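Take a look at the structure below.
By written order: A, B and C. Residues from 1 in each chain.
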Amino acid sequence: MTGVKGMLGAVVTAPLVALARVLEVPLRLWQRLTGQGGMVAFFLLPNMAIFTLFVLLPLVINIAYSMTTGAALFLPERTYVGAAQYERLLRCTDYTNLMTCQEDQFWIALRNTGTFVVLQVTLLIVAATITALILNRALRALSFWRAVFFFPVLLSPVVVGLIWRWILDRNGVLNAALVGMGMDPVNWLLERNYAFSAAIGVTIWAHLGFFALILLAGLQAIPRDLYEAAEMDGTKPARVFWRITLPLLMPNMLVVIVLALIRAVQVFDEAYVLTGGGPGTATLFLTQYIYEVGFASLLKNPGLAAAASILMGGVLIVLTLLQLALGKRNERKGRLK
Amino acid sequence: MKKTMIVLALGASLMATTALAGDVRLMWYSDGVEGEVMKDLVARFNADNPGINLILDEVAYKVVQEQLQIQLEAGSGPDIARVTNIKTLAPHWLDLTPHLSDAEYWRTNFGAHADWMREDGSDAITGFMTQLTLTGGFANSTLFEQAGVALPGEGATWDDWVNAADQVAKSQGTAAAFAIDRSGHRISGPNVSYGANYIGADGLPAPVDEGTKAFAEKLVNWVEGGQMLRDTWVAASGSTYRAAADDFINAAIPFYYSGSWQIANLSTKIGDGFDWVATGSPCGTAGCSGLAGGAALVAVKYTQNAEEVAKVMEYFAREDIVKEFSERTLFLPAHAGVAAAGNLNWQTEDDNVKAALDAYVAAAAETLPAADALPAWKWASPVYGALVNRISQVMAGELTLEDAYARIDQDIAEQVAAAQ
Amino acid sequence: MSRALAFLTRRKGGDAWDWTDVFTFLWLGSAVFIMFGPALWLVLSSFKSPAQLAEFPPTLLPYEAQTVVVEGFDRPLPLFSVTDEAGTRTLAEVRRVGTVAQMVDPENPGEVQRVNIANRTPVREVGFSWGNYLDPFLRFDFLNYTKNSIFVTGVATLITLLTNSMAAFALSKYEFRGRGFVVVLIIATLMIPLSVILVPLYSIVSGVGLINSLWGVILPTVATPTGVFLLRQYMLTIPDELLEAARMDHASEWQIYWRIVLPLTAPALAVLAIFSVVWRWNDFLWPLIVLSRQEVYTLQVGLNAYAGELNVQWHYLLAMTVITMIPVVLVFIFLQRFITAGIAGTGLK
């Protein structure tokens, strides 16, 4: 075991170590010439160059796209229309009834994504917390149990969606089992609530292990003597959880919440393969809407898709900043203690 | 250090993918065995033509459908491609006429479909159909026989078929009476049979007419009444394609409306499970139309090697090659000469297949002009997309039919406006 | 056995069964079923024939119909178990016409019996369709695809580790103007799904001439905001005093980075390495767009040649999916400990 591990480690690190050694002398010279500022620039440059070219620039171009229309796919041949795409997305005759909106499916997707995020993230965090608490009970064969929960994280999202579609399909395994037990088959993917629950359940299935492990790590870092002291005082287990475990778990919990929220908003592959957005538009999410409008349909409309993605990005950035602010406040509280 | 060098060398070797003179790249997707047949033909071509290096790039259909357009607009892409979206992308195809040794051969044998793959008003020769497809029905004759229901005969309407299939479904306890693939293309033949015409006087999409409404209303009622399998249409949104072939294969529906391309698939998966027949398209008030279609092999005008591309195209368009390709893939040939000769030796042991192929050849004569115009009409795909998207919302109970018609008109108008 | 029993019946502290014990038991028990079940079923299904994949009700194990060679018939005949007025027996089917099957007793092939097809069921035995695994290897150059996948995964992971850790180092250990802005920028872009920027990204990659090059797959993915975010969170926990001490000893900033900070960040780097391997190996949408020539296909792109317009050849697709899963599962098994240790760190402040 260790031999193989060591070998793998060597293969990965050997080129890096060699590179690092070679760079030592020229970089000392560079540091002498430019000072610490030059070194900061050096450390940031490779990542920020790639980041700017392949992440930031497309985003900026996307803003430009959102203000154009036309059949051409590439920017130079498109016609400038100002805010018309945004107007089309946001116009409704009656804002209390989504069906009156010009782009009704954008609004439906927005509503579905909102509901999904709230429900999925809540349930995911509850399930991950329970799992972490259970795995923290000094179980034997812990690495086996960790593997059980972590294993779906390794599957590609498309595979996850497919497996579950075959399970939940009218002709699927679950219905075969129900029929086998003498019950009536259920059309899991044809009832709005079932299909929506399936989308939530399957995404939780796929990501539970990842988040449970982060929480488990936090739990294991909580000093045992705190619990022992509580037990001596005869504190009720529930109270121990709320007063000791949860507060000390907060830093990890914040990471979990941030990442879970991001993943939930971006939900696409698993849900798309599983339900295709149906029944009707019950599981149509924003990313699917953008993908269909801007890419999958034969008459692609990159302008409208870009506008929708910018609106979505705006909401996301507000959410993130809110969370960061929350994290900062927590940090300060932690320092005060 | 050594390892770094190896990695770098490997990297350099992988980057060297620039096109060589004489290279011809052919992008191909497969639904079944045609990829293997093609691979075989490509190997033979390369053996016979040492000056040309024909490379077959097998891709997912998704690539042809979604990404090829981006490549083409960037002025790149393969030299030849097998494409279904041939009309919309027509500006990117190469006119082979000056490079062909016998352009007349192409006009005679492939002229009927030349308009499908060139811009309106052009007389270019850009490629040929690798196969023709025709939408049509399949019936599980064993289920019909077990139920003691006779198969509706010639001239039977959609209602006749659905009612007969419903009797079978009730007597045999199947999930539903029938299913249609979730696709706007699939319901367009029936729409035309009820008098629909999508094309307005100005060549742009006309508003939803009575013919389309008549069949859409039937579809919605059949879903509500449980005759039409709910799953296929309701369990997806947008213009997502869903086929109901597996339900037919499992004998969960006695009648299935899809198309000729299913024949090979049904034969492999049903095997000796039950007898099935191709029924052609049921009739509406205006006729008994299916809708033709298919995939074409087209040359791309950004190629560096037009002469070689023409040689490759001439090879695959040869009468004997088309015949062999059709016989091995069980595709309907688009070559007028091959179709007229009619002595195709289908390579299958399944009697159901031969009968079904013959039935489709016969049904091809039944298509109505309004349906025949669609493959060569550049706005067909937004119409198909809007129909599926909105009608399935009605089936799911999210819209009323009246709202759906208004939405369909609006969706199409917006797409057309954005694309002009 | 007794040890296993002791393990299974182990309880929290005392002798009485606490409700939490019952709950733990139920939670873990159902987890094995729910977490492993679907994957196991995927593996078993990958051995089924196309007809069997479409079958309802689906069977757990792959089956093959049994055939028998009967005197007087050229090809082997399928065997059926027949139950009707004449009792239950095993017969071979000669042909089927409508609802009536003409069958013979393999022992006594002379006499043809007519059987209603409702009264017969095929005789089947567990059998694996190995062809699902073998055919694709004969037809496609999967060896080359594997080489490309390994190259993309390996190089992308190395570059990711290097550039992300350097940036994270700068963003966590130096004070400079605009640092807060860069951090917020990176975290904000964490949230942008790839599908949203496909078209602009394609035009950039095509502009720098990387279409149909493996570098076109590698470069856009290596500057992952997630990686910088994770590593920075971890590096913030390394005390600045360590760095100061090294500076006293005349270590250069570069030496501080790679001789002090990197080794201390090892668990987080291991996590990023593993995620990078899993992500890059499973990457699908982007490679599909960049790579359209078979000599540069990665495995995920190559196996998607089985997804057609109207039909998908599931039996091949499933088998190849199982094959492509093996490496990530192996990586996970070997590096499991690293993952947990590393994730432990990233969350801690």
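Heads up, the rule we're going with is that a residue touches a chain if its C-beta (ideal position, glycine included) is under 8 Å from a C-beta of that chain, and two chains touch if they have at least 3 such contacts.
Predicted model, so just to flag it, every value in this text is computed and none were measured.
Central chain (C-alpha centroid nearest the global protein C-alpha centroid): C.
Using mean Cα coordinates as chain centres, the one most removed from subunit A is B. If you average the CA atoms of subunit A and of subunit C, the two centres end up 18 Å from each other.
Centres computed as Cα averages put subunit B at a distance of 32 Å from subunit C.
The distance from the centre of subunit A to the centre of subunit B, with each centre set as the mean of the Cα atoms, comes to 37 Å. Touching two or more other chains at once are residues 7, 65, 70, 74, 246, 250, 252 of subunit B.
Multi-chain contact residues of subunit A (touching two or more other chains) are listed as 15, 19, 73-74, 171, 295, 300. Each of the following residues of subunit C touches two or more other chains: 56, 199, 203.
Interface residues of subunit B facing subunit C in the complex, by the touch rule stated above, are 7, 10-11, 14-15, 17, 25, 27, 29-32, 35-36, 39, 55-65, 67, 70-71, 74, 76-78, 84, 141-142, 145-146, 243, 245-246, 249-250, 252, 259, 261-262, 265, 268-273, 275, 295. For subunit A in complex with subunit C, the residues that touch the partner chain are 1, 4-5, 8, 12, 15-16, 19-20, 23-24, 27-28, 31, 36-37, 39-40, 42-44, 46-48, 50-51, 53-59, 61-62, 65, 73-75, 130-131, 134, 137, 140-141, 143, 145-159, 163-164, 166-167, 171-173, 175-176, 179-180, 205, 209-210, 213-218, 220-221, 237, 251-252, 255-256, 262, 265-266, 268, 287, 290-291, 294-295, 300, 302, 305, 309, 312-313, 316-317, 320-321, 324, 331, 334. Chain contact summary for the complex, subunit A toward subunit B: residues 11, 14-15, 18-19, 69-74, 88, 99, 102, 104-105, 170-171, 187, 189-190, 192, 195, 275-284, 288-289, 292, 295-301, 303-304.
Those residues of subunit B whose C-beta lies close enough to touch subunit A in the complex are 1, 3-4, 7, 65-66, 69-70, 73-74, 85, 88, 175, 230-231, 234-240, 242, 246-247, 250, 252, 381-382, 385, 392-393, 395-399, 403, 407, 410, 414-415, 418-420. Of all residues in subunit C, only 50-51, 54-56, 78, 93, 96, 98-99, 117-118, 139-140, 148, 151, 154-155, 199, 202-203, 206, 211-215, 288-289, 292-296, 301, 304-311, 313 touch subunit B in the complex they form.
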